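Labels A, B, C, D and E are assigned to the chains in the order they are written; within every chain, residues are numbered from 1.
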Amino acid sequence: MDEAALLNLMLWLPVVGIALIPVAVRLAPARGGAVTRPLTLAVMLLQLLLAGWLTARFAVDTDGLQFATRIPWIAAWGVSYHVALDGFNILLVLMTAFLGPLVVASAFRRIQKDVPLFYAMVLLVQFATMGTLLAQDLFVFYVFWEAMLIPMFLLIGIWGGERRIYATVKFLLYTAFGSILMLAALIALVFTLSTTAGITSFAFTDLYATRLPLNLQLLLLSGFALSFAIKVPMVPFHTWLPDAHVEAPTAGSVLLAGVMLKMGTYGFMKLGFPLFPDATQQLTPLLTTLAVIGIVYGACLALVQQDIKKIIAYSSISHLGYVMLGLLSLDLIGIQGAIIQMVSHGLVAGGLFLMVGMLYDRYHSRDLNMYGGLAKLLPVYAVGFLIFTLASVGLPTTSGFTGEFMVLLGAFRAGWTQHVAGSSYALWLAAIAVLGVVLGALYMLRLALHLLFGPVRVPNTDGGHGTVTVPVRDLDWAERSILGALVLAIFALGLFPDRALRMTEPAAKAYRALIQTSRLPLGDGLVGAVR
Amino acid sequence: MSQTLPAPVDAAWHALLLIVLLPLAGFLINGVLATALGGRNVSRRFVSVVACGAAFASFLLTLRMFLMLRAGGYLPIVDSVYRWALVGDYAFDVAFYFDRLSAIMTLVVTGVGTLIHVYSTGYMHDDKSYGRFFAYLNLFLFFMLVLVLGRSMLVLFVGWEGVGLASYLLIGFWFDQLANARAGRKAFITNRIGDAGFLLGMFLLHQAVGTLDMDTINRAFLINPLPAVSASLIGVLLFVGATGKSAQIPLYVWLPDAMAGPTPVSALIHAATMVTAGVYLVARMSGVYLQAPEASQVMAIIGVATAFFAATVALVQTDIKKVLAYSTVSQLGFMVLALGVGAYGVAVFHMVTHAFFKACLFLGAGSVIHALSGEQDIRKMGGLAKRIPVTFATFAVATAAIAGLPPLAGFFSKDEILWYAFASTGGGSPWLWGVAALTALLTAFYMFRLLWLTFLGASRVEPSVAHHIHESPLSMTSVLVILAVLSAVGGALALPHFLEPQLALPPVNEALHHLETPLVVVSVVLSLAGLAAAWFMYGGATSRAAAWQARWPGVHGVLAGKYFVDELYDRLLARPLVWISREVFLKIGDRLLLDGALHGLASLGQRAAGALSRVQSGSLHRYALLVMLGLVSALLWSWSHG
Amino acid sequence: MLLGLSIALFSLGLLGVIVRRNALIMLMCMELMLNGVNVALVNAMVDNRATAGGVLVFLVFVVATAELAIAIPIVLLLVRRTRSLDIEQYSDLKG
Amino acid sequence: MNGSMTVAMDLGLALLAMLPEHLLLMGAVLLLGLDIAGKGARLALSVAIAFVAAGAIAAVVMGAQGISGEVFPGLLAVSPSVLLAKGVLLGLAVPVLLMSRDDFEGGEFPALVLLSLCGISLLLSAESLLISFLGLELMSIPVYALIVLGYRRPESAEASLKYLVLGGTGTAMFLMGVALLFDATGSMALDTFAAAMASPDLVSRAAVVLILLAFFIKAAIVPFHAWAPDAYETASLAVTAYMATIIKGGVLLAIARIIGPAPITSPMVELLVLFPLVSIVWGNLTAMRQGSFRRMIAYSSIAHAGYLFYAMLGDGAGRFAAMVFYVLVYGVVNVLAFAALPAAHEDRDRDQLEQLEGLYHRQPFAALVIGVAMLSLAGLPPFPGFVAKFLIFKNVLAAGYGTYAVLGLVGSYVGIYFYLRVIQLMFMSRPAQAHGADFTIHPNPRPPLTTSGFAHSAAVLCLMATLLLAVLPGWVLAHL
Amino acid sequence: MLTLFSGLALVGAVLMLFLREPMRVALALITTMGSIGAIYGLLGVHFLAAFQVLIYVGAVMVFIVYVIMLLEVREQITQPRYSRLLVPGVVGFTLLVGVLGISVWRTPAARVVSGSVAGSTTDFGVSEFSVAFLRDYWLPFELTTVLLVAAIVAALAVVRVSRKLHG
């Protein structure tokens, strides 16, 4: 079977799963659709298998799309169903596929309400994110991009915590606002392409060749950037994230942190910046500033939270600031670092959210004040939590280090180059970002300290204070294997990132080249005259 | 520059890697067994054998490699393991590098490390988390070896952060007390601040040289030095990292608190090995520092200031480990002073001797604490010499060594530091010498004070404890003896000379050459003066010290309060940070401005919706009026653009 | 002038719909509007000498009748329920 | 003269070209006959559906065949695009008729719908404002009756009167406009309107404004919308669906036909933007506050009328097709939502939004279907509403009205909230506890309004159409 | 003459707004309609004049008067005449008349005074219309039947609802 077909199979597998769910529930109606659990897990594992196979077949150090499928969809507008793997998305695809089974498995015991719908929604999120990553056509991209929202809306809204409605509506309205502006920018972009170059096409490759005057580029970039920035989220568009994370069920948090936030940075990398190189150059100082503010601001806020999930949520803001910093550095090391950091954050934050979920399953509280000394009570849990904490802090040998180190090195190199050229602004920003490393240690270790160490202290089952009365089991084998898989991945990416870097390097180079090549209209604004 | 930088030779087999991996294997075995299986099915003997065996095997392997190194004419041996990353034209390789400097470091680390492992089997024998402890120790050893053997700064940094992690875990080893865990966190975070500087220095180097391999960097600086400003900037930034790890002003604050960990940890990590990593780093990067006079000057001043400052604090501490901790800070200051005046080999020399005698002191202190069932306050000791004679003897030897009494190890190394501080053309000055000499006097004083209060005089031990004071088991005393011997004879190693082909000593101001012997005499006299003063103050009635204390309560208060630096940092940094985060960022930024605007918009929408739906009053008249108004306005509009 | 009359009748009819409270009068005012329209149509027909206007007037007659034919039963229905012809009474639906 | 000959020849052609209208009329007559014969109840619906479906198929087939021509010169013409539009609207009537089974018995409802549909067909085919007028009235008059027809709620007479008075006012305005236009040009042909739109002459402009505004009233554009929420709320479900989809679509496609493909210039273009823009915002905002599903849909339809008028800004050639597509999508998902609405004892309760609380736990299929419909109405991908909205805004932008497009999109953003609220109610709320007890407490048993298999089949029909539109929008678009 | 009837029509229309009782309003409307019929006649459109009188006055108004008498609801007198929107309504009315009037006035083509040529033509006789309806406009003519059928069905439906409800 050729790889393109396998790629499509991988993408559409969750849809098949969703279609099978009602059938399975009908066939085995016992216990409210318990049958959907193994079914979904099987689908996810199969998807992971396919993703792994495709990764293995992926030609490294090769530029361009691989395993592409292109079928005209809305021919009149030049829209094609166009999906492919490339250096930009390969790692994120793999990570998404990797997180899928873990999310599903982690929810086995936790989710007892509306089980079939839950797994259907998880599969939908999976499908939509995969589609967003694989899409090579702007229209298709947008469709998948938006399709992510609704299942996530439901995941938070149905299976979330107390203030879930507020959180989920906030999440949706925030992101939808960005999407609307992106839609406007998208239409304008395609229209401009068709008038200047005479092609009506949504294909990225065609759009990458669009020449636009600077002011238009700025306008359109703002549209795209706002949408992506909300998703990332960059300060000051971030306030939906802590709420969404706190209220979401564990699986939702993991999907949100692990997969969905990456779509924002991926969008910047794949679309936002390369489509509008001149505007990007123009806005780089501003965006870099926002990224660094995000690093510091997110860290500071994480420092003063009492809700464990909020701490991790704010840490996400901080960590994704690094991604933005790396992408904007336009230094190859920085870009590569940003890609690694994306994956790393997915693994680490995903792992942390899973662990918080496991804790919540046991004690029904996320209040840091309620806890203490878990290392004594749940030693295996503590070890796991510590590993994720340290990975989040960016300790060497973990993936967090690989990402942060390369991002910071890249940002610094870029800053120094500009410093030599006469402007030290970027250099200072890079230096501040390096200091963010300290803040990262501050809040994560605060979390670990209060959670794991000190005298034993856990909430009663009713959420109040008190000494332990009921012995609580440590992680069971299922939880251990879920976390173990993540830990292995974290160390793999920390110790042996080169294989991953080989796959993404052509894309990183292409990205840099796209942004460094001006695409202002040729001549005196007579756009498209020279073709 | 007369230094030669010979081309490295490749290691025939991954011997260096093996040195590093053995402790890792020990860690994994013990760690997995201790946590995953709850340590139930694992005997202590098994744990000890694995842990000590791993350390000892590493030591033996290091010895073998050292012999190979010597056989190869001290050509550095390189063990390339794998390519960590390749980005564009820049490669980041994981490789180990074995030359004179790292050989010495490795030997000390594995040697002292093995000894302390053995010691710990006795010291920690009754601890519940025996397996976990040895797992951590092996983990530390692994990272420390990565640190000293790494060829690239990146690998060094891995070790650098890794030992920080091990330190964090070991300081907070008894984590049921929050204070211990807090101390661990403080250590980690303080180090992180230094690491930020380290990272920046590393980045700058990468930008300048295009690689992080330290031998290449040194060679590059030798052949084609950067402008002095850049070199100094790099130097200062790297030194910021060193101040963190090696507990120099202003980042020394974590080290005294780090005594919360088990005593063998204090000996191994916070005295003998890890804290010297900063010194090692500077020595390793001497190629850069040779081009960076300003950075060197900064180092010298910081070093001497730290040495003096810590020594004054040590004068009045009453916790046996705290005294030793400040003493460590002070001694590290000496080493940094040596680095600052360009005497890298001397710094390394002092580092080695310090490893011997300070490890001995800490382990001795551990033995005391062990004997007194955990008591650490020297005011509640005294007269222990007869009860635990081996400990006393070894402790005394080490005290004499640190005080700089000839012919013990400390005398040689400290004396060389004082000499270069005085006479080095690379920044030596009488001022530096003066302060350093005064510090040496203080050192002798507080160390003998410690000795007296602990072992001599009348017993002030609490009766409940007194009756089961006992000498430590053989596993501990044997280690003490070995270390005491090393402290005594270690001065004969003459390391600066050994290292000279690699780390040249700075040229000495010829005009001052004639002062060398008088200065030696002066320093010996100062040491003896310290001894005498301590005897004067504490040898007789303790009231004399109390009287002095009463005479200058302010001074005593400041010293006992450690100059209130911790409080200062708390007020100046920690609290403002939390305050700004909570009051400004969270309350004003997130809640008021961002969420406030959002909620404002939402309620605006709701209110607008309410107003609009009131327009729909149900009255047909109004509906018709709306039509008429719409009609009129549309007609009026149609007149425009006439 | 006839156009003016037409406009006046049309507008008066609309005004009547707005201000008169009696449902039947309101319906009559609608008839008035249509009459106004018819005047304009006839006027235009005469101006342009085109029969189409006349045809349309004829159609308006029919439509006016038809509208009334359905309006009156509805009003009767309302009167049965509210015992009133007051339009203001027919405002249960709002919001 | 040979006039009679032409007429005779035309008759043959007319029979063919106006086949949909003829089918509808035949159906209506047959229904009336059945009614008089007293056999209406059983057969009426099947007959109506058969004739409407036949009409729809005929229209689509003829449209696909590319039949075009002047049936009655100067009065009535057919063209493929118009035939397809008719096909779409008639096709939408099929599920609406299916739904009606739950509310109506007998032949009145189908007969009135058939007559009204006939009016819409005429309206679309009209080449003269004269015929437009007739079509408009033929379309509207049965609807006034339809609103009160179910008479599940006493207020429906009030709503009907409001609609009638405002609709009548609209008719008068239309006629006034025609009269002024006729006065100025001496013609009632459709293209005089297009010419008048660009004319600098004030009477022409006044005429254009009057005619446009008449359509605004019929399409419920703010501030001429006020009848719509009342009428939609109290009419029976099928009637609401009919008004919200078919009438609205018919009116909008008709005005598109009247305006023609010529580009629109200032000041008319502002009228065609500002009123709809206000409608979008107003409708979307006000919908947030509604407790009644139908009333909410009414405001939603006010906003959607706004989008549809936006389409007029688009490029001339694609304008009509875009609107047909939009009407198709909008109609399908709207009917889908109505058809899936769960049953209740009281009509008033039936569309209370609280009634939808926890619907997923009672009727998962209905909840999912309504969810799909809501998301589609909100214009979120991957549902077909998105493609339709995209199409319109793409055309608007392409015509150079960037600012208006962005404003419209932002206005549409406001609407997302209330569609989501429905989903929120259905999926995120537990069902009210009273529901189990509801059946016993209610002392006065009107027969519960069940959703029968007919409504289900309507929902399934629409769902299939929705899926088709979602998966193959390109294919559908290519054929419009 | 034309002016006279125009004035009469206008007065009738204005009276419609002022009179309180529905019956009087109906009479005012009949006046207006009659005047308009006369105007048609003066313009030579006798066919329409006849229809105006026959259909409007003869059928529609009789129907209305009948309904008014049928409904003789007692509260009529106490009921206020005007809605609360009197003032805005009048303002709107003024504006509307002004706007439309000015639109017409400012357009030269619309200011042809039709009355001057009135009576001089018989173009719009019954025969003319018959021909027009049967030749050019037979479609609308046919459609009126459909329309009337629809109206009847609709009205019957409403009546039937009413009957079902109230006996």
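Note that in this section contacts are C-beta pairs under 8 Å (C-beta built on N, C-alpha and C of every residue); 3 or more make two chains touch, one makes a residue touch a chain.
The structure displayed is predicted, hence computed values, not measured ones.
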{"item": "Contacts common to subunit A and subunit D (chain labels)", "value": "B"}
{"item": "Pair of chains joined by the greatest number of C-beta pairs in contact", "value": "C-E"}
{"item": "Identifier of the chain whose CA centre is least distant from the whole-structure CA centre", "value": "A"}
{"item": "Separation of subunit A from subunit B, taking each centre as the mean of its C-alpha atoms, in whole Å", "value": "37"}
{"item": "Centre-of-Cα separation between subunit E and subunit C, whole angstrom", "value": "7"}
{"item": "Approximate Å spacing (C-alpha centroids) for the pair subunit A, subunit E", "value": "69"}
{"item": "Separation of mean Cα positions, subunit D and subunit C [Å, integer]", "value": "25"}
{"item": "Contacts with 2+ other chains: residues of subunit E", "value": "83, 85, 89, 92-93, 96, 99-100, 103-104, 110, 137, 140, 144, 147, 150-151, 154-155, 158, 161, 165"}
{"item": "Subunit D residues counted as touching two or more neighbouring chains", "value": "130, 134, 137, 141, 144-145, 148, 161-162, 165, 169, 180, 183, 202, 205-206, 229-230, 289-290, 417"}
{"item": "Interface hub residues of subunit C, defined as touching at least two other chains", "value": "3, 10, 13-15, 17-19, 21, 26-27, 43, 45, 47, 52, 55, 59, 63, 66-67, 70, 74-75, 77, 87-88, 90-95"}
{"item": "Chain pairs that touch, as defined at the top of this document", "value": "A-B, A-D, B-C, B-D, B-E, C-D, C-E, D-E"}
{"item": "Contacting residues of subunit D [partner subunit B, same complex]", "value": "161-162, 165-166, 169-170, 173, 200, 202, 205-206, 208-210, 212-213, 216-217, 223-224, 226-227, 229-230, 266-268, 270-271, 275, 282, 285-286, 288-290, 414, 417"}
{"item": "Subunit D-facing residues of subunit B, complex", "value": "605-606, 608-610, 612-613, 615-616, 618, 620, 622-624, 626-627, 629-631, 634-635, 637-642"}
{"item": "Subunit E partner contacts - residues on subunit C that touch it in the complex", "value": "1-5, 7-16, 18-22, 24-25, 27-29, 31-32, 35, 38-39, 42-43, 45-47, 49, 51-52, 54-55, 57-59, 61-70, 72-77, 79-80, 83-88"}
{"item": "Residues of subunit A defined as touching subunit D within the complex", "value": "72-77, 79, 114, 117, 142-147, 149-150, 153-154, 157-158, 164-165, 168-169, 172-173, 176-177, 180-181, 183-184, 187-188, 190-191, 194"}
{"item": "Residues on subunit A engaged by subunit B in the complex (per definition of touch)", "value": "170, 236, 238-239, 297, 300-301, 303-304, 332-333, 336, 372-373, 375-376, 379-380, 383, 390, 395-397, 401-402, 405-406, 408-409, 412-413, 416-417, 430-431, 434-435, 437-438, 441-442, 445-446, 449, 452-456, 495-498, 501-502, 505, 509"}
